[in-house]
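Next come two complexes built around subunit A: one with subunit B, the other with subunit C.
Moving on to the complex of A and B:
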């Protein structure tokens, strides 16, 4: 499902300086697998997720997702790939605070040809299943941390993607909400989605539903 | 057009209501300023064009010591012998300064029993029963003059002060509607003998001579012949006058436009500056890109947003300008084009709405505004989504 071959990512800084976020990384993740990327902050976990999501291109190497080399995709196709194949849950959720919960969820599908009522209906169903039914019309900035996270998960699921990428999804949540998230993960895994979670939360390393833990250190696989 | 995108754009405008309102109001005021000046200029130009079209083909003035003096009336006979000349007529006219109001009136002497040299003057007196006034000193005045006289308590007559200091009572016989406001509003029509008395123009002398030429192609040649016949005269053709008026509009309009372009450029530079697209907006673009929006979809969204704001502000600016120019009579701007407006009675700007002018204002402002918004949006959308969000 996901295969990285000798992938390096170097971010240029001002002048001749640069930062190597990933160095010669190769890994593969099978369809339906739940993989945890373990590593401290700055180890390269988020960059790895961004590469899988075609949000950035590798400096060298190849990234193949669902049979397509996303490293070489032109921007237009990379966008379509993200919309159709990837559901992304960001560390700080990245909701638009001035939009309602349901409008945040429908955001990825606005440019599509699906009717507004169909999209709303789908968003409603997902939010309902995640227990945010009563706060559909509330502005995202007025939601609690747990509610914001559920809205972010609903937004990742609304396009029915094959792959869910979550970047430090529990970093700003308390213990109870973290455990709630684990429950949601179980549901997602049962529905056959491939899930990659980048985290340094030890809770995830011993979870029964996790198929594999991959450790990253200084941009390299440990 | 994706209706969801339009709805989202409208909601986005609302979300950034404060900023959009502030930018929109400044933009509307700039459009209003530009439209006010151009609409005023167009309205005045239409007045001038109408006035010019009513002017004789050639006007002959006598020069004395480099200034205009009275011309011998009998020169009309010699001028009429020039081939191509349809007719030549003397005119007795001049200005009368009304000190109380601080305005100049234009006195025009007419022989009420002969057709006037200008059709507009004939139209002005057409419905006037001249026979009932022939034994009295009377005048027919333009609407501007009537307003000024009434404001100074002259309802039925006016006391002119003659050049020797004596007073001359002249009855107000009627008012004529302005065919063209610039030409007629400040005009007083009176019998030519009375005009000679008020203007101190003795019999046998006139203010100038007007000449009609049958073939417009021959006007310049006839003018040259008159100059040769009377070297002490200044011969002005309608084309000369049209040119000098056009120069005035071009010069003053150009002066304003250069100042306006400076103001507009400053506005767009401010808009292009990072304050134009704040961190929140760039982050929003990054999120949309990360969620799978194509670059062209982000640009389309921003085009809609900026287009709606700019078009609304444009319409607002045009309505402000229409109200300012045609309801309030463009206070301040009329003076820009009128050299000595203080000395003239007020006149009404005729409503001339030139759609091509409005289109020109649209093209000169709205696309620029949209470009100023689109450019930073495009820059944000071209950066990797993960980088925008970092």
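Moving on to the complex of A and C:
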């Protein structure tokens, strides 16, 4: 489902300086697998996720996702690829604070030209399945951390992507909400999604539903 | 340099010069892209080339659109200069003030088709995820750079040769059948023959486009272009001027005739180009050719050209 071959990512800085965020990384993740990317801050986890999501291009090497070489994907195709194939969950949730909860979830579907009522219906169903039944019309910025988390997950799932990428999804959640998130992960996994979670939360390292922990250190696989 | 400078020619020189300079700056990149671009590779060089290809492609697209627009300005400038050049009544005299003037005009006209074809190729290339035509596109761009270099040399040579004191011929002598030249011979072709071929070719274009025979549609469009130009000169233009002896493709561009020449030539050039490029695109990406636009434009051209003799007949009950 996801295959990286000799991938390096070097961020150029001013002048001749540069940061090597990933160095010669090769890995492969099967369909339906739940993989945890473990590594200290700055080790290159977010960069790896960004490459899989076609949000950035490698400096060398190939990234193949769902049969497409996303490393080569011209920008005009990349957003369609993301919308159809990838669901992203971020540490800070990245919701649009001035939109309501339901509007945050329907947003990614607007370019698909489905009817507004269909889109709304889908968003409502997903939010409900995640336990958000009230406050659908409240502005995202007025929601609690746990509610925001669920709205962010709903947004990632609404397009029914085959792959879920989560970048430190529990970093701003307390213990109870983190366990809630694990429950939601179980459901996602059961529905056959391929899931990659970047985290340094030890809770995930020996969790039953995790198929594999990939450790990354200074841009290299450990 | 004794180049003939008026506001019109200055503007032309300036923009053409700038475009050529930009092309010169792009040249090393185009050279590398033409030689090294290979979408199958995943080396740092290739990723760098992919970014460069995007920039170079975008710049070229912009430059070529400017070149195409500049053709209209070139024609306008020629027409405008006829007020300054002794003996010239229209652009015909101005362009013939230098032996290679007609070559310059033909070169620029060919440029329209070349630049347009490159833009079509560029669009097809970007429409596919794997950028299948990038290498070809940049190789052709090198050719376009050379083409633009020659064009600029011709333009300089032409402006250098222009001299308000020299008396040039007017269209009356240039496009007369008594003119001992290839053109004179062509203009002596009987009008009935010429018109027969003109309408027959148009019918063949429509038929082959509707039957989706891309190759034939392209071939007939290519043949139609010179036939149409000849028919304009020796037949249709006389009805615009309403004078049987006034055969000129350039006076059509003047105010007296409502600048109808611009519309007429636009329909002809855009129409034939659209058909040719649709056939080319169909060949390259194996999809159904989109002939509709070209057919409408060319149909518009034939209708506009035909309207003048028909209108004349309805008004006067006779043909010229």
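By definition in this document, the second predicted complex is superposed on the first by the 222 of 222 C-alpha atoms of A that agree within 3 Å, B and C clash if a C-alpha of one lies under 4 Å from a C-alpha of the other, contacts with A are read in each partner's own complex, and residues count from 1 in each chain.
Just so it is clear, a residue touches a chain if its C-beta (ideal position, glycine included) is under 8 Å from a C-beta of that chain, and two chains touch if they have at least 3 such contacts.
Worth saying up front: this structure is predicted, and the values here are computed from it rather than measured.
*Asks:* Subunit B versus subunit C on the shared subunit A, clash or fit?
*Replies:* After superposition on subunit A, which the two structures share, subunit B sits beside subunit C with no clash.
*Asks:* Which of the two partners, first being subunit B and second being subunit C, lies in contact with A:90: first, second, both, or neither?
*Replies:* Touch status of A:90: first partner only.
*Asks:* If you tally the residues of subunit A touched by each partner, is the higher count for subunit B or for subunit C?
*Replies:* B
*Asks:* Answer with first, second, both or neither: which of subunit B and subunit C does A:80 touch in the superposed model?
*Replies:* A:80: touches subunit B, not subunit C.
*Asks:* Which holds for A:58: it touches subunit B only (first), subunit C only (second), both, or neither?
*Replies:* In the superposed model, A:58 contacts subunit C only, not subunit B.
*Asks:* Please work out whether A:50 is in contact with subunit B alone, subunit C alone, both, or neither, and reply first, second, both or neither.
*Replies:* In the superposition, A:50 touches subunit B alone.
*Asks:* Once the shared chain is lined up, is A:71 touching subunit B (first), subunit C (second), both, or neither of them?
*Replies:* The second partner, subunit C, only.
*Asks:* For A:220, decide between first (touching subunit B), second (touching subunit C), both and neither.
*Replies:* The answer is neither, since A:220 touches no partner chain.
*Asks:* Looking at the overlay, what does A:110 touch: subunit B (first), subunit C (second), both, or neither?
*Replies:* After superposition on chain A, A:110 lies in contact with subunit B alone.
*Asks:* If you take every C-alpha pair with one atom in subunit B and one in subunit C, what is the shortest distance in Å after superposing?
*Replies:* Closest C-alpha pair between subunit B and subunit C: 12 Å.
*Asks:* Of all the subunit A residues, which ones make contact with subunit B and with subunit C?
*Replies:* Dual-contact residues (subunit A): 57, 76.
*Asks:* Which residues of subunit C touch subunit A in the complex?
*Replies:* For subunit C paired with subunit A, touching residues are 39, 42-44, 47, 50, 54, 126, 129-131.
*Asks:* For the complex, which residues does subunit A have touching subunit C?
*Replies:* 5-6, 8, 57-62, 68-69, 71-74, 76-77
*Asks:* Given the complex with subunit A, which residues does subunit B contribute to the contact?
*Replies:* 2-5, 7-8, 11, 15, 283-284, 287-297, 384-387, 389
*Asks:* For the complex, give me every residue of subunit A touching subunit B.
*Replies:* Listed in rising order, the residues of subunit A that touch subunit B are 46-47, 50, 53, 55-57, 75-76, 79-84, 86, 88, 90, 94, 96, 98-99, 103, 107-108, 110-111, 113, 116, 119, 155, 159.
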